[in-house]
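For reference, the structure I am asking about is given below.
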Amino acid sequence: MDYLLIMDILGTVAFAISGVLTAMKKRMDAFGILIIAFVTAVGGGTLRDILIGFPVTWMRNLTYVHVILITTIVAALFRSKLVYLRRSLFLFDTIGIGLYTVVGIQKAISIGLPPAICVAIGTMSACFGGVIRDILCNEIPVIFRKEIYATACILGGVSYFVLVKLGLSQNITFIISGVVVILARLLAVIFKLQLPSVYGKEEESNEAP
Amino acid sequence: MDYLLIMDILGTVAFAISGVLTAMKKRMDAFGILIIAFVTAVGGGTLRDILIGFPVTWMRNLTYVHVILITTIVAALFRSKLVYLRRSLFLFDTIGIGLYTVVGIQKAISIGLPPAICVAIGTMSACFGGVIRDILCNEIPVIFRKEIYATACILGGVSYFVLVKLGLSQNITFIISGVVVILARLLAVIFKLQLPSVYGKEEESNEAP
Amino acid sequence: MDYLLIMDILGTVAFAISGVLTAMKKRMDAFGILIIAFVTAVGGGTLRDILIGFPVTWMRNLTYVHVILITTIVAALFRSKLVYLRRSLFLFDTIGIGLYTVVGIQKAISIGLPPAICVAIGTMSACFGGVIRDILCNEIPVIFRKEIYATACILGGVSYFVLVKLGLSQNITFIISGVVVILARLLAVIFKLQLPSVYGKEEESNEAP
């Protein structure tokens, strides 16, 4: 349980920092930056809880609020140094989506939703904080345009149900499918994989940069 | 009941395709296109269910997920052919909003909401999938700017309560008010009706195209 | 209770008008203007109710619907005269956020949420109607960029819990902390206060107007 808490906090920190950076790029004021950090960190889980009818997690547990508040202040103060942490932040973020995907799936299973929906809920938990961040910053959500991100979550989600079918224990399933998400994303970034484009070559060249 | 299911699926197909087309115009990747198709098709109903405190429909019924998945794949593959289906898609879309408006109204009635709110909920069920689609694609929602679309839903909604007042059976009321929505939209498009502008002539000419 | 109702209506009117003005600036049609007015007026409270699991207020009480409908029609008809009401509207708006902040806090307290979360819920009740308005109009929410607005709500929220700690009665606490919100905003506007920028001087000068 301790490991989970640490992973959860690392993920929250990484998500909050990505919010801070996006908000600062839009020249928001201190309140705007805090809200965007907050929404990026808890948005996916909030949407998940509302959709499946659970009480919203962060409202009952001040840990998230404190972590996000401290992260935002530290990140805003030392923003020029964040570039040196790029790799660590990417790693934390990846750990975060791995964890959130599997936690989301388990919550959805607990109310008896069908597997395909559970995978969707897990993916949403992991990805929609970033989607809401981008909408509030008046951008087309970045995960709709590039990067294997949601796809990694879906892969991990599918492997969760494969492992359950194979009869593995819940703990093992939890760990392996979380690791699948993390590995899929790491490999995708290392080998610069992207989702196949549905657009032709010619169209591609007309694209604005 | 069978007819309703077919209409529901036709509507879902039309909504999903409109999502696919909007997402492709924004050059989203495969995941982005799928999400936009999904949100366009189920977004209005999801908002309705959350507002009135019902369990979210598509999470309990995989039909929608399958229809949207297949539609998205087929539409993305044969996108250059979609132009030949323009009329059919418009018709399906119109059938969809007729059905969703009335279903939304009946759900709202079932928890005892006042008529004006029921009409609002029905209109929202029919129209807000498109609103969320446009927000995710970073556009001002098209239904706020032109076309008799929501207005057709409101007309159908009002006629629902008029028919109930006249003492007609629920089935007849359901059918007639759905048909009112469909006819209002068809006639509006045929005769190129628009909502009266609240802006003066002079202002109009300054408008960017 | 009568005073509260009057304040609530004044706030709703001011919020609806700010929605009408934003929607008209975007050249929306009559339906678009109505929806934006509606969302601006009830959006914050709706989000609050969904997050804390309460039934959505405006769906059970037609007063809001009527006030917003009438306000929208009158504001759209006499829009050229609204400039003369600027001060009154600003005052109503400020009364509105004062009231909504404290009402939001009390609702959150009633389900046993911790103080920090209650302040967040109160601030959200007051501010997120405007956030949703700006998102629907494809703008970065104005409260994330300038003006002491949310900050006034947070100040009022904090003073609420300070007053409770001091042992004051609920009524007195309600009034004083609402007044804190109102005064904070009035003073901020009078003295042109802004949140401290986290950006350097040099960066500032590069900003697009």
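Note that the chains are named A, B and C in the order they appear, and that numbering of residues resets to 1 at the start of each chain.
Keep in mind that, in the parts below, a contact is a pair of C-beta atoms (placed from the backbone, for glycine too) under 8 Å apart; a residue touches a chain by one contact, two chains touch by 3 or more.
All values reported here derive from a predicted model rather than from experimental measurement.
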Problem - Same vs different contact residues, subunit A with subunit B, by half of numbers used - result: different
Exercise for the section: Please report how far subunit B has to rotate so that its Cα atoms sit on those of subunit C, a copy of the same sequence, as a value between 0 and 180° in steps of 5. Expected result: 120
Exercise for the section: Quick one: report the Å distance separating subunit A from subunit B, using the average Cα coordinate of each chain. Expected result: 30
Exercise for the section: Send over the residues of subunit C in touch with two or more other chains. Expected result: 50, 135, 138
Problem - Residue ranges of subunit A in contact with subunit C within the complex - result: 23-24, 26-33, 35-36, 46, 50, 55-56, 58-60, 62, 65, 76, 79, 135-138
Handout entry: Contact footprint of subunit C on subunit B as seen in their complex
Key = 50-53, 113-114, 116-117, 120-121, 131, 135, 138-141, 143-146, 150-151, 194-199, 207
